[in-house]
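Reading through the structure tokens given below for one structure.
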Amino acid sequence: MDNILTLAGQNLLTPMILCFALGGFAALARSDLSVPEAAAKTMALYLMFAIGFKGGVAVSKSGIDGHVLAAMAAGIALSFLLPIVAFGLLRVVSRLSAVEAAAVAAHYGSISIVTFATASGVLALRGIEAEGYMVAVSAAMESPAIITALWLAARSGQGRRVEPGLWREILLNGSIVLLIGAFAIGMITGPDGMAKVEAFVVAPWQGVLCLFLLDMGLVAGRGLRGARGLIGVGLVAFGVVMPLVGAAAGLGAALALGLSLGGTVLMMVLAASASYIAVPAAMRVALPEANPSVALTLSLGITFPFNLVFGIPAYLAVAEAILGG
Amino acid sequence: MQTYAAKRVEILIEAPMESRLTAALTAAGVKGFSVLPVLGGAGQSGRWSADGQLGRAGMVAVICLVDPARLEPLLDAAFGVVERHIGLINVTDAQVIRKTRF
Amino acid sequence: MQTYAAKRVEILIEAPMESRLTAALTAAGVKGFSVLPVLGGAGQSGRWSADGQLGRAGMVAVICLVDPARLEPLLDAAFGVVERHIGLINVTDAQVIRKTRF
Amino acid sequence: MQTYAAKRVEILIEAPMESRLTAALTAAGVKGFSVLPVLGGAGQSGRWSADGQLGRAGMVAVICLVDPARLEPLLDAAFGVVERHIGLINVTDAQVIRKTRF
Amino acid sequence: MDNILTLAGQNLLTPMILCFALGGFAALARSDLSVPEAAAKTMALYLMFAIGFKGGVAVSKSGIDGHVLAAMAAGIALSFLLPIVAFGLLRVVSRLSAVEAAAVAAHYGSISIVTFATASGVLALRGIEAEGYMVAVSAAMESPAIITALWLAARSGQGRRVEPGLWREILLNGSIVLLIGAFAIGMITGPDGMAKVEAFVVAPWQGVLCLFLLDMGLVAGRGLRGARGLIGVGLVAFGVVMPLVGAAAGLGAALALGLSLGGTVLMMVLAASASYIAVPAAMRVALPEANPSVALTLSLGITFPFNLVFGIPAYLAVAEAILGG
Amino acid sequence: MDNILTLAGQNLLTPMILCFALGGFAALARSDLSVPEAAAKTMALYLMFAIGFKGGVAVSKSGIDGHVLAAMAAGIALSFLLPIVAFGLLRVVSRLSAVEAAAVAAHYGSISIVTFATASGVLALRGIEAEGYMVAVSAAMESPAIITALWLAARSGQGRRVEPGLWREILLNGSIVLLIGAFAIGMITGPDGMAKVEAFVVAPWQGVLCLFLLDMGLVAGRGLRGARGLIGVGLVAFGVVMPLVGAAAGLGAALALGLSLGGTVLMMVLAASASYIAVPAAMRVALPEANPSVALTLSLGITFPFNLVFGIPAYLAVAEAILGG
């Protein structure tokens, strides 16, 4: 526990977290500081490309084997199942309708690639290796949760027949295509490819992440400011408890898979994190009755900073306690 | 200059629904449309802004000039998409210069 | 398709004044508006372009669909903000599909 | 609030032709205009999108509020530019608040 | 031939080409992956600035001499003449009208700076030096082709009096001004200037090119998807044969000029490549009757990837065979 | 004097200044070269974040002490007082109305962060250290001038009651929040934080500045082209004399504070430079009667290049003469 708090403290005082806090402060104080939409989207492309590519290069030696497929299958299962837990919790702690709860649940079954990336950075800093293919697992976990959410909404009688176009959209979502594509490019070109683009995808990465987190802080802060009244105590509690539930499930899966310490932490982080890029758009199309602010404020304004500051060090401490540091 | 009566239809719709709307318009025989960006706005669900957005969020404005005779099917098609979703449709009387294209 | 009469108000205003305008509209009971970007233009004070601008310069277009009965307070509110500033307000008659939201 | 009749002219034109259009408008005595971005659209020549475009491609929307008395020369000027090119001109009746600037 | 295919294979498996392929795949599969317009334009500015600057620094020692002027004159001549060949070919293999054929021909007389840049990268990797002033040649070749195209269209009776404003626009086109300007800045500030901006213009360059090619793949893929029906077998053949014709003409010019191996390859690449940034806008103004999709799909969707994958290694192999590696 | 001219010559021939000149030339020649708005705004965010962060890291050892607070107080006093001088000068040399003169004066009391950054670069190149907290001084100097300008306009009977919202806007202006925020993050995370983001905030900085100055040249050139007639000889003289007045005042303040050579130059540069990001927007809100082109053309089209080319070397030479190099 002491260990966690020390780490949380250290983690709090990195430029990344402080940039997020600065953005949040600026938005809450109603400063006109803002990042152009095109810049935010381009940084997201850059970060995802770099994460995917680095993961692919790491796997280029070992290649795709049974371990990789098993980990992906486990990730997919988590993404399918976690929304059911989230849905149940939400119906208990909040007054959200079934459709609204289903929409929020979809976000929590899916993943946050920036949380994943920040955790990778923390591991790298402490010299802990992780399986390179975890980035493929992250891509695989993006969408199954959406399907569960649609089923949960349909069960409540409020969902509708899903039009065929939606499946293609969900599976060929830009972030999935980019993550998997960059991963494949990294695998194919290996260390040679890395040598060519290292100065772009590795060196400035943490700095770009800082600016990106500044923007995320701005968006989260604006969301929190607009969502006063929407988010009661029950939902706030959900935003903190659900990542712990997810992390526990991720830990179970990691132990079953026999992942390394680093891989275990990443699996916990994926399960614990909530989407704010791909899932919101899908929910607007499929469950338009659900107010998008609720899910976005929870995932970006509460769960995301919780994972960044407390979650990652806590998951690492737990994994170290179990697997031995 | 000779002008012709036309209808100017403007549809404010959520960005993730854009492709469905334009597909429905095309299916309804609409010959052309243009999509304009929207930076932000406010309504029942509060204030929003495109600034710093990461996903395909926010709204777009679809503008469509049509022959008055083709207005009904256009509105039916647009309303079919917008019905369950956030979306505002407004129609104004306009004069256009060239009769083709509508 | 059943339509309802509405007014389409379009306000071209300097970007630094946007928040004051939308606050005034909200205070005047306007239920919704959308803000569209403007790339450039020309007027008495010459030509301008958003290209490469560093600060919050340029203009935006605020579009507001309202019930005709609510037009007067909206115009009063908008004019109160625009009065000393660069700003153009135009109103057109429109038909809308859904009566809520206006 | 006292309003005055005006015409709202909206010209959708290819971006590479923008400067020619605005030069022609200015030459025709138009006192002001605003240029809005267009993200994409469809017409006879198919679907296009500004996403990821490298050159000065796509279209823009030029909005021009004018005194009804000045409409004819404006349309002549605009049509002169648009004639051989892709371009849609539509005119709607509008009310404006301030009579100057038109 | 074997050599070419090996090289093509190697070339295919670089992160750059694979990024282009990923973009093409995403567009054809109708994924919503997209690069903001502002990001694409900014990357193009960056790439052109860096290419121009590096070329200028390379020339800063030797300065501008007769060799430079002769090479620029040869480039200008090629840009003037190649559209005539392209026009003739197009009239034979396709049903394009004279005006449409003239518009396409303008694209092929002009150049693709990204193809040029990729070829420079391939040379650098294999340790082959090239004349730094080739970037000035590339800028000089951007527009003469437009003039030929207007003349070809006028000959057919369909072109019109060109308004005076167009000349200024063509000659002071943004990409020409940036390339020449950055070249001049590189020449003036030399290695001292390079030391100041090296970490920006050199190190991350290949990585930015990757993201840029991802976008070009997206645009090309979207174009191909929309152009079904527009582009028949004849035009596809033209898109592959014309670069070979251009490369042959470029080779002739390079031999006459006595360029080095590297310079010869670059001259071939310039002549073989087709414009998709500057010329399309000029054609919209001058020859609006020509459907822009045809030229853009040919140059970006067929000739560009052809040059990237097969052309560059082939031109290099031919030049090596003639000049000795 | 000789020394100044040599330095001005050297300064002129850096990639930064030449990029500004290229942009100016392109705009005056009516080339269509342009930088997307989103890119310009993002580069400004990057440059300010990096400047603030570096300043904070530099102060992280010494911390905030009396010296820092004294320097900030002096900067604030300068920002409050310089507009009065500027206003007086303007009323003598030009026909600007009181409100217009007040608006221009606000720009000259405030600061140009890019001029500050360029001067820091020149100092770094010559191995001259400066107080890291000068970046906090720069942020403190952004807004007091606005208050003086409003008072000057009110005195003339034309200003109006300032609405309360304006104060928050002025104090929580995006550039102030970002500079101070990044400064604080740099102070808190210190050299450890710097190690994480160095490859992003230090290495490519000068290169990004080049592209940014290209854009500023474009904007300044477009402004000059549009402002023909607006700016007479008197105003041009003001644009050159006022920075000298400001620099003299800055020198006095620096000597009183006992700043180092580097800090003295930076204080002179801050006082000599004029705002073109934060103040213009505030003036549109508070003094809409003032034509924005006048102030922007003066500060960006005349004073900015004057400071870059002649001012910085001159201020350095003077400070060296007084303090000893």
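The letters A, B, C, D, E and F name the chains in turn, as written, and every chain counts its residues from 1.
Note that a contact is a pair of C-beta atoms (placed from the backbone, for glycine too) under 8 Å apart; a residue touches a chain by one contact, two chains touch by 3 or more.
Note that this is a predicted model, so its numbers are computed, not measured.
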| field | Of A-F and C-F, pair with higher C-beta contact tally | value | A-F
| note | Chain-centre distance (mean CA atoms) for chain B and chain F, in whole Å, is 45
| So what's the Cα centroid distance for chain A and chain C, whole Å? | 38
| query | Using CA atom averages as chain centres, what separation in Å is found between chain B and chain C? | reply | 18
| request: Enumerate the residues of chain B that touch no fewer than two other chains. | output: 36-37, 56, 92-93
| note | Multi-chain contacts in chain F, i.e. residues touching at least two other chains, fall at 32, 34-39, 41, 203-204
| query | Each pair of chains that touch: what are they? | reply | A-B, A-E, A-F, B-C, B-D, C-D, C-F, D-E, E-F
| note | Within the complex, chain E is touched by chain A residues 36-39, 41-42, 45-46, 49, 53, 168-169, 172-174, 177-178, 181-182, 184-185, 188-189, 193, 196-201, 203-204
| Residue ranges of chain C in contact with chain B within the complex | 1, 3, 6, 8, 22, 26, 31-37, 60, 63, 65, 92-98, 101
| request: Could you pull out which chain C residues touch chain D in their complex? | output: 10, 12, 36-44, 59, 61, 72, 75-76, 79, 82, 88-93
| note | Seen from chain D, its contact residues with chain E in the complex are 14-17, 20, 45-57, 84-86
| field | Complex contacts: residues of chain A adjacent to chain B | value | 34-37, 39-41, 44, 160, 165, 215-216, 218-219, 222, 226-227, 276-278, 280-282, 284-285, 288-289, 291-293
